[in-house]
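Comments concern the structure below.
Chain lettering (A, B, C and D) follows the sequence in which the chains are written, and residue indices restart at 1 in each chain.
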Amino acid sequence: MTLAASSGRARAAMAGSIRIGALLPLTGAGGPFGPSMAALHKQIVDQVNAAGGIEGQRVEYSFEDDQTNPDAAVLGVRKLIDVNKVCAVMGLWSSGVAAPTLPICAENKVVMVAIAASDSLALQKHDGYFFRSNVDVGQQGEAIGNWALKQGGKSLFGLLAQNPFSEPMRLGLVNTIQPKGMKAETIVYDGRRTDFRAEVGQALQAKPDILFLGGYPQDSIIIMKEVFRAGYGGKIVGTGTCVTQQFLDGVGKQVSEGIYTVRPSSAVGSPAYKNLQKLTGKTDLDTNVCQSYDQINLVLLAIAQAKQATGTAVRDNMRKIGDPNGEKVDNVLDGLKLIAAGKSINYEGAASPCKFTPTGNLVSAIFETLRVADGKLTPG
Amino acid sequence: MLQVFQLLVNGVMAGAILAVPAIGFNIVFAVLQISNFSIAALIAVGAYAGYTANVLLGLPPLLAILAAFLISGAAGVASDRLALRPLRGYGAIAVAIASLALNMVLENIVRFIFGNDVRSLDVPMMRDWIFEGIHVGPQAVFNFLVAIAAMVALFSLLSFTTVGRAMRAVADNPTLANIKGIDPEKMARLAVFLGMGMAGIAGVLLALDTAVDPTIGMRVVLSVFAAAVLGGLGSIPGAVVGGLLIGLAEQLSTLVVPVAYSSAIGFAAIILALLLFPRGILGDR
Amino acid sequence: MISYLVALLTFGAIYALLALGLNLMWGIAGMVNLGILGYYALGGYSSALLTMHLGIPVWLGVIAGALITALFGAATCIGLVKLRDDYLAIVTLGFAEVMRNIAENFVSLTNGTDGLAQIPRPRLGVTGSDFNVVYLVICVMVVLVVLAAMERLRAAPFGRVLRALRADPMVAASAGKNVLGFQVRTLAVGGFVLGLGGALYAHYLTYISPEVFQPQLMIYVFLALILGGRGNNYGAVLGTVLVLAIVEGTRFLADLVHGLDAVQIGALRAFVIGVAFIVVLQKRPHGLLPEPRRIYTDPAARS
Amino acid sequence: MAGMGALAGKRVVGSDSWTSSESILTVRDLHCSFGGVKAVNGASFSVQRGAITGIIGPNGAGKTTLFNIIAGSVKPARGAIFLEGRNVAGLRADQLAALGLTRTFQLARSLGDLTVLENFALYARDQPGESLWRALVGSQSVVAQEKAVLDQAWELARRLNLVRVANDRVETLSGGQKKLVELGRALLGEPSLLLLDEPIAGVNPTLGAEIGKHLLAIRDSGVSILVIEHNMSFIGRICDHVIVMGAGSVLAEGSFEEIRANEAVQSAYLGMSA
């Protein structure tokens, strides 16, 4: 009786479509990352719709090109909220796009699930509408620092592209290794250039045991080629953002051999990650794709859990679908079935376990170390 | 001291490659009196033409460079004809602004076809040669030589051939050249072809040295403008001098300021230089 | 739809200020300036920092930001006036690049690429979408005031001198006009208007970062001015509206296209915008509104 | 006191006396070169007050450069220029204009975008409406001054027979009309010394004669004139004194008749119709 009544109410509330959106960089500095994220979002929405939608309602997905630029982002998010009537906005790769759009989302009671790393985002007043699928950058720095300490060298040199990730990453790294007696030097460079000889020259002059790459694939490819040509003999480690398939293809097998990456993962080999590998047909997945997968799954499951497609409902149910006592779920279809059956679920994602602090940051992250062998990332 | 020498070597190598599109920019300016900012996109067109020839068709780098020269040159002429020529009567700045819009069009044609992914050309990676502690990369030397060869070929064309002399005559005095029976429109087309062809060559050289993506032209174009202006707009020897000076300034500045500032250094340098030489170092116009 | 339009119009009003400032500098006085975003950013950063760190009211910060930019405009003029058009174009372009570089790297002041977030909004006594509407009204009023002021300057003997400078500075000097003096004043006033735009932008978005230096915006502003009619202040505003219509119109066009991947849609949109600009320039090279000309009546004929 | 000053002036009359009340402009030993070519090479002369002084000489004699130096557009390498007894070498063109020295250009540098009236009005001195602040705020004085300036401009248009085209943009006018515009706007600044660079070059003879008459009338109203011109009959008709330049310095000076009889001048002009 009660069940039927409640689902009847939910039906009424769910009349019409479920509308969700994404703000993604298709052009501008983030251009290389946005397209695969959009493609994945669409793929999952199509799956859900093919399986009958949520509570019998179709999911409508819209995305806007933020051009990696704040003005376009503000107009884009206004269009998504106002014209497309979305209840959640995903994507938000760059901080320059997330920072001015977060107040708009919060004001309109629309959930934002962002990748952007800037610390200040979570500290903004957002009434709980902000969630970040990306691992805290400081933690990434610490993880790389801990890996470096294990390698046992005397000094590390970091090359970081000037972006919102660079400073927290640098602090996490330096504060981890310096107290343990390992020397850490870093330089921050302008990633929009094509010539990094001076940067590489400065790095190699310090004769570091470990070289750390903390840029985007575009600039890191050029830097890595330069490092190879200069005949650097030490160990090289890059962030997950840097050492991607694109990076490996760009530098070629000869140059990439033996490079390490320490990156956040709910573990390669986690069910979600494997599922995503199957979905995309790729063995190696960069963090943006993994996060996009988590973003859309979280939003869709939260809607299903709430039986309501509003921003406030998504906000209030985001943590309920990560019930530690619930049944573990790695994909949206299984999750929807369980929810429809009235069961409690625990979604664990492809990039992280997807448990959030009150400010919207991830509680903790697991890191994995991979090593490039013959052009492929292998557990190292 | 060793470090300074290394930076000097790097600066000359980088400067020679900057000089190639700077010459392209200046040759167009000399004949048409127009700043064609779409040169950034034509660098990208050249880089992708080179990529197509080298990776997709399997041609060696030198043929890829030739292909880039022809395709960027042709794309330059076609886009100039369609987009810019109808505007020439309305002032140089109007055309320059239109060329910024044209740049957007061309860059996005490239993006539409090839996507945003970063790609590399198919050339073997070689370790640097080390002379007395100075690193010199074989690829960089190859690129340097190609840049020099391209410049020498262009100089020869302008100095020793009838058509080259005719083009210089138009650059010096269009009315007089017209009286002598030289068709200025034809010379304009040739200048755009050669200039944008040079941009295409630079695109492949950058691609060989680094990697290709649709923004490759935008990444270097400010340094190219700086080189062109510093040497003197419309001056071809000026572009060479300007390219070398900008290349050196960007490298040597890293001795005193953080590397992240090096692109600003190039421009700060030219602003200072232009206070002394308001028409550029070798400019006479 | 309403709040999207409100946002669009607010950006339109802010960009109109850019076009009006540029019209004074380039349209009327003939000094080409591809570094307008440098002034815009300076106004935005100044006002943001003053209101965040000194806690001064937003309206005062906006005025202070505009004044700082005006001073800066006057200062930059001294080095730039010697240069001829084409040199000026490229040097000012690079000049904005230097400022972007500083905004990215002078982290202790500008917070680097993170940008300044949570810039205070003015207290208007309303919140939510009402705030946006009120803010739009304020921006539109600022545009109207600036438009009126620019029209006064253009029509006054001051404007006559500027047009003479545009035509031939040597003649203006022989007419007894202090060329540098007029150019400094022009860049100061133009800088004020650009800085005002930047400050209004920063307090609207509550965020400013080095990404304000987007080359497209500079291109859009120039195209707006050429499209509306160089030298015509009404044209500057009209051109801004048209450019925004073209740019944002393609956003909806993209929804209609099927069978392309996301990059291709993004590229197609930028392509269409570029082509639209070129076509409109070719069809209307003198812009929609001609430069206004004053017809005087002969006092003898009148009496 | 004024009488005393005039007397004092009379006492020092002499050929190189730059304090003379009879000469409004004195140039001494001017030098200027461009890229190794000495365009002006030790030129010295005086311009009499209230008279028309002609400068003649073959092309390349340095006449226009001399004008550019006197008017403040080009800086001399060395030499002195005295305007009304005051050394003005190194002043900017606009500062000289404020002192009453106005020039025209050889190739009509009309402000083509501006109308005839605007061209005239531009040259009026001390306009409060040119102050940024007053232009913005507006005031009675600005309105009144602008009306006065325009009345003057119309008056001038009438005198120069330009009323019909007064509201036309100058670039739409004929070459002769442009010359008249140049002359007219120079007058609106109420100059005490007028430098005219080839005022009738490319002008039909009828209009040339008319311009000559205007110049005589201007002289009679008390304005001193220094004029470069190649047309010898024009020079003969209007000039009170003629200076001959060659290779950057003064070859001879005197009345037109004296100059015509001078053999050095003949040889300098060999091949040119005198």
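One rule holds in what follows: contacts are C-beta pairs under 8 Å (C-beta built on N, C-alpha and C of every residue); 3 or more make two chains touch, one makes a residue touch a chain.
Here the structure is a predicted model, which is why all the values come from computation and not from measurement.
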Task: Partner chains shared by chain A and chain C (touch criterion as defined above) - done: B
TODO: Using mean Cα positions as chain centres, tell me which chain lies farthest from chain A.
DONE: D
- [ ] Can you figure out the chain closest to the middle, judged by Cα centres?
- [x] C
Task: Distance between the centres, which are taken as Cα means, of chain B and chain A, whole angstrom - done: 38
Open item on the list: I'd like the Å distance between the centres of chain C and chain D, where a centre is the mean of that chain's Cα atoms.
Closed with: 42
- [ ] Starting from the mean Cα coordinates of chain B and chain C, work out the distance between those two points in Å.
- [x] 30
- [ ] Return the distance between the CA-based centres of chain A and chain D, expressed in whole Å.
- [x] 75
Task: Two or more partner chains touched - positions in chain C - done: 101, 104-105, 216, 261, 263, 266-267, 270
Open item on the list: Show the residues in chain B shared as contacts by 2 or more other chains, in ascending order.
Closed with: 108, 111, 115-116, 218, 258, 260, 263
TODO: Among the residues of chain A, pick out those that touch two or more other chains and give their numbers.
DONE: 26-27, 31, 35, 162, 188, 190
Open item on the list: Going by the touch rule stated at the top, which chains touch which?
Closed with: A-B, A-C, B-C, C-D
Open item on the list: Please output the residues of chain D touching chain C within their complex, sorted ascending.
Closed with: 71-73, 92-95, 97-98, 102-103, 105, 109-115, 117-118, 121-123, 125, 127, 129-132, 135-136, 138, 142, 146, 149-151, 154, 158, 163, 166-167, 169, 185, 189
Open item on the list: List the residues on chain C that touch chain B in their complex, please.
Closed with: 26, 32, 79, 82-87, 89-91, 93-95, 97-98, 101-102, 104-105, 215-216, 219, 222-223, 226, 261, 263-264, 266-268, 270-271, 273-275, 277-278, 281-282, 285-286
Task: chain A contact footprint on chain B (complex, rising order) - done: 3, 6-7, 10, 14, 108, 111, 115-120, 124-128, 130, 135, 137, 139, 206, 209-211, 213-216, 218-220, 250-251, 254, 258-260, 262-263
Open item on the list: Which stretch or stretches of chain C touch chain D in the complex?
Closed with: 149, 152-153, 156-161, 163-164, 166-168, 170-179, 185, 189, 291, 293-296, 298-300
TODO: In the complex, go through chain B and note every residue touching chain C.
DONE: 29, 35, 83, 86-87, 89-90, 92-94, 96-98, 100-105, 107-109, 111-112, 115-116, 218, 222, 225-226, 228-229, 233, 258, 260-261, 263-264, 266-268, 270-271, 274-275, 278-280
